[in-house]
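Input: structures, listed below.
First subunit A sits with subunit B, and in the next complex the same chain sits with subunit C.
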Partner chain A sequence: MSDVRIFKPRFNPAKPAFGLLVFLLYLFLLAPLLIVCVVSFASNQYLSFPPEGLTLKWYEMLPQESTFMEGMKVSLIVAVIVTLIVLALGVPAALALDRFDFKAKAAVQSFFLSPLLIPSIVLALGMVLLFGPLGLTNTYAGIIIGHVAITIPFVIRTTLMSLATTDTSCEAAARVLGADSWTVFRRVTLPIIQPGVIAGGVIAFIVSFDEAVISLFVAESGLPTLPVQVLRYVENSADAAVAALSVILILISLAVVVVVERVMGLRKALR
Partner chain B sequence: MTEPKLSIVDLTKRYAAGLEPAVDRLNMEVEEGHLVALLGPSGCGKTTTLRMVAGLMDPTAGSIVVDGKEITHTPVNKRGMGMVFQSYALFPHMNVEQNVAFGLEMRQTPKSEQKARVAAALDMVQLGHLGKRQTKELSGGQQQRIALARALVVEPTLLLLDEPLSNLDAKLRETMRTEIRSIQQRTRATTLFVTHDQDEALDMADRIAVMNGGLIEQFGSPTDVYERPRTHFVANFIGQANFLTARVGAETGGASLAGESYYKVDVEGLGQFGAVGAAGLSGSTHEMVIRPHRLTVALRPGADQTPVAGTIERVSYTGDALAVAVRVGDQQLQAQLLTSSGDLPRTGDAAYLSWAPEDAYLLPATTSAERLAA
Partner chain C sequence: MTLLQTPIAAEKRTDRDEGLLEKATERRNRRTYLALLLPGLLGLLVSFVFPLAYMIRMSFNKGAPDGVIVETFTLDTYIQPLTDPYYWRVTLDTFQMGVTVGILCVLVSYPVALFLARSTSKYRGLLIAIAIAPLLTSAVVRTYGWMVILGTNGLINSSLEGLGLIDTPLKLTNNMTGVTIGLVEIFMPYAILAMISGFGRLSPQLEEAAGSLGASKFKVFTRVTLPLSLPGLLTAFLLVFVLAISTFITPRLLGGGSVQVLATEIYDQTTGLLNWPFAAALSVILLVLFGLIIAVYQRLTKKIGG
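Let's turn to the complex of A and B:
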């Protein structure tokens, strides 16, 4: 078969150019994180770049900084409760939106997704004005209500996406086999949409843990969350302890992502 | 006759006020142990009917009676049906055994009995060795059998099959259809089977309900609906058919199957022929149905019967059979003949068509025929 011609792939200049573009994009996205990382080990007395020497003193400082520890506690409590509430509300809401036709369905849908479209500063201002008379400012309840409002769109979106790809005849099959509605939900629907539910929960947790504007407006003086504490700290002192804290937070987020990935595959969850 | 296993009385489903009903006052009785095919084109209401019997959909009016008990308003999970879906609808997060055991679990069958019955059901569909597998590792045919085992393991009052074969490839479909039929006969499960495939229905069913536009056009055995279609739609939907307009003359005496009469008919442009039909058709105009393969095609005029002379317009060769379209006057008739090693007819050849009177069937309904004649 000497006459078989093998085609050599022609050199395509677009390929390395595309590689370079992707590299630059990643650099652009990750540069702030990299700088924070570097700064957290720098011995500069003030937050600045480039580093003059290397040190671990900022990390050693963290456990002694009671404001950070307090903020961390508040943020974790808030984030956990918000995640639970938002799943309990968001999953049934998504189910209703997906499975039933009712009047004003479109309106309900946009209502649930609207917090994504409104600037959080506007929401925060509204909440202060509303919560003040109700005595909810500077309480866990106040922060949690605020965070539930801004995280529910994520849970609904990810759950809806999971629901859209599931075969409803599985549920019909379970009903025919004798399962009542609650059993169908628990044994069939929930396991099938689990990836979307978990993805929504993870996003809700991270968004709540991260949220600064609403927390600042609603509970700055009484119940500062970690982001609020960081903001205050940077206002008063300019050392690199916040950089060290940021690195810890990045690692926590990374840990959540890794755990979810290990348990069930995040790519599947975020699909 | 004994009490029917299932009776459907005036069942109606209207999806929205003002819309044509999807199912329109449907009546049907199904005998114990029978497999009944609901056959029709898409949108004829066959799946809607099945879902109402299953309880997955509420009827607008009418009633469903199983074993003498009205179940029209019994919730779906209390009806004890077994259903197989077009998409199989296996639970993706459970393995094969867990899937099959689900219905027994819902009935709170003791664990040990569950195990035995699941194993028996899987053996019945010849998949006993795959119990621990995940369902998505299985082929379409295997998933289909798991779905069947899952529906049958609960010993359902009725087995409902919603186009169970349409996702399989042609070869497998034929194997599965024999298998489903033999399992159905062994278990004697009274079965409703929705399909749009006439071959499936003719091959598998004890009775066929041919549906169109929310109505049953004809309910009868496979030979009934094929040989003695009641309407133009049935004749046209099941198998192929030539339709000729015939003015029915006097009865010529003698009776064929079940009190049918022989008639002398006058087919416009073709001449006088013999035909069969229900009693009392004389004097009106009816459609006459002749199946293509019941037409005898001769290339030379024969001595027997009265051949109709025409010209072959199209020949299509499919190996064992040859389909020819013959132009006779202003009509085209479809005919079929088996191929032989001898000469094959070619386009443009003269052809002489004849048929036995028994193979020319007069449709009882006059409406469509008179509309055609007008």
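Let's turn to the complex of A and C:
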């Protein structure tokens, strides 16, 4: 019915105005990312406008900036290990939550998602207080344990999402045909949950890689991650080297966004 | 082979066997799901429950100068933040910042969410992705972007000076104005995401129906669109509020030391003054504030029926 139009639609001036408003709001939303890209190519010695010319010198400076390189190394090591750990912890837990029935199921599921409800500054404080006496501050172990809490919910959620869209009949069929549990998992369940595992994995990677507050509390002095180094640099310097670095960080995020969008849809994965 | 034998075997089974078999599978199932859950539960215990519990316990200790901690069980640490006017100020500022950022963020996100919810364009998926993609970029980088835009030599001040509209640069950073602008933008993707999910009952058909029954554009909006999007708006506001009152990076960088909120105060007490019990007490206060807001929210959603 709705496509049958009895009245010819008149020109409505509200429509383009609304379109313009939405466009401007998108511009506002993307403004900080766009401006960082512009500044990273500007030849101005200190932060100012308008750009005096184009240059790649800030990008050429990056490899010589040892704090950035050191931070990049720490962040990459942490993010890779965190991703592997939370996949190993989160995927089986999501399987249990979807494929089995037990009493406290709803409670266990909310427990797995609850770290996202606690302010990261509060968690970070708890971590530095507990890890200090245990000798875990300023160590890889300390940062990694800290990041596990805030990345597990994403893996659980995306894996549950892919499990929810399929029923258990494929697995039952494989079992009836004589496959043992491991074969069923490897040949049937894993392909089913693959999108969720990939999406959860790359989200866990980028969340850990970009995380600043826990890293700042747990390892500011001894083992600064890249976001901590950027934070310090931004506070103390006014040149655009950090803009070039930021563009690289944005590109890494963009790669993650593309992967997540491809395998399961960004909106579904982050809901 | 097993497939062929199963029906015959089943026939021979008695009721008692059936019960035993069921129990055996149940036990095996139990073992399986416990084994699957255990690693994750242990991981969260170590990285989430223990730190939080230890932090709460720490808030009942007493801090002495030079980072000395007196092991005791007292509420003394809570007395200062709850009686000292300075900490009342900080808590109120934090609360006020949360409300302001929440309202502004909902206002700027609503048109985008409405547009995305209604859009039938083939680029809708891409436009949704662009709107929420900034969620996965570093908060430090986005805050830095705002420093470039709002700073003394930043985009806005340089443009206005270039146009001859101002003589002295506007003070847009190192104060609450800058922090607010930055936070509104940083939390927009969260708000948009919450709104799109919350607009479940909003449909263009309903609006069309109201329009064809003679309601003006304005009336359609105030009587149909807005009431139906209210649950989504409320969820978005609440989400942004709780995110805003606990955020640290943006107040620290855009506030430049002159914006004191609970989060920056917790950091200063922890790393600068080494007063851990005090920092812990402030964190507990922040958590209580969280709990209160969520309780109020649940009451409200029940009333609206969303």
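Here is the rule we go by: the second predicted complex is superposed on the first by the 227 of 271 C-alpha atoms of A that agree within 3 Å, B and C clash if a C-alpha of one lies under 4 Å from a C-alpha of the other, contacts with A are read in each partner's own complex, and residues count from 1 in each chain.
We take it that a contact is a pair of C-beta atoms (placed from the backbone, for glycine too) under 8 Å apart; a residue touches a chain by one contact, two chains touch by 3 or more.
Predicted, not measured: the structure shown is a model, and the values here were computed from it.
Within the superposed three-chain model, A:L177 lies in touch with subunit B and with subunit C [touch as defined at top]. In the superposition on chain A, contact is made by A:P191 with subunit B only, not with subunit C.
Of the two partner chains, subunit C is the only one that A:I118 touches; subunit B does not reach it. Look at A:L95: by the touch rule set out above, it reaches subunit C but stays clear of subunit B. When the two complexes are superposed, the chain touching more residues of subunit A, out of subunit B and subunit C, is C. After overlaying the two complexes on the shared chain, residue contacts for A:I145 are found with subunit C alone; subunit B is out of touch. When the two structures are aligned on the shared chain, A:I85 is found in touch with subunit C, with no touch to subunit B. By the touch criterion defined above, A:D167 lies against subunit B but remains apart from subunit C after alignment on the C-alpha atoms of chain A. Shared-chain residue A:V257: touches subunit C; no touch with subunit B. Common to the subunit B and subunit C contact sets on subunit A are residues 176-178. Of all the residues in subunit B, the ones that touch subunit A in their complex are 54-56, 76-83, 85-87, 89-93, 102-103, 106-107, 147, 150, 154, 160. Listed in rising order, the residues of subunit A touching subunit C in the complex are 2, 14, 18, 21-22, 25-26, 28-36, 39, 46-50, 85-86, 88-90, 92-93, 95-97, 99-100, 102, 108, 111-112, 114-115, 117-123, 125-131, 145-149, 152, 156, 176-178, 203, 206-207, 210, 212-213, 216-217, 220, 227, 230-231, 234-235, 242-243, 246, 249-250, 253-254, 256-257, 260-261, 265-267, 270-271. Taken in their complex, subunit C has these residues touching subunit A: 2-3, 29-30, 32-37, 39-41, 43-44, 46-48, 50-55, 58, 108-109, 111-112, 115, 125, 128-149, 151, 153-155, 158-159, 162, 182, 185, 188-189, 193, 196-197, 204-205, 208, 217, 242, 245-249, 252-253, 263, 266-267, 270-271, 276, 279-280, 283, 286-287, 290. Subunit A makes touch with subunit B in their complex at residues 167, 169-170, 172-180, 183, 187-188, 191-192, 194.
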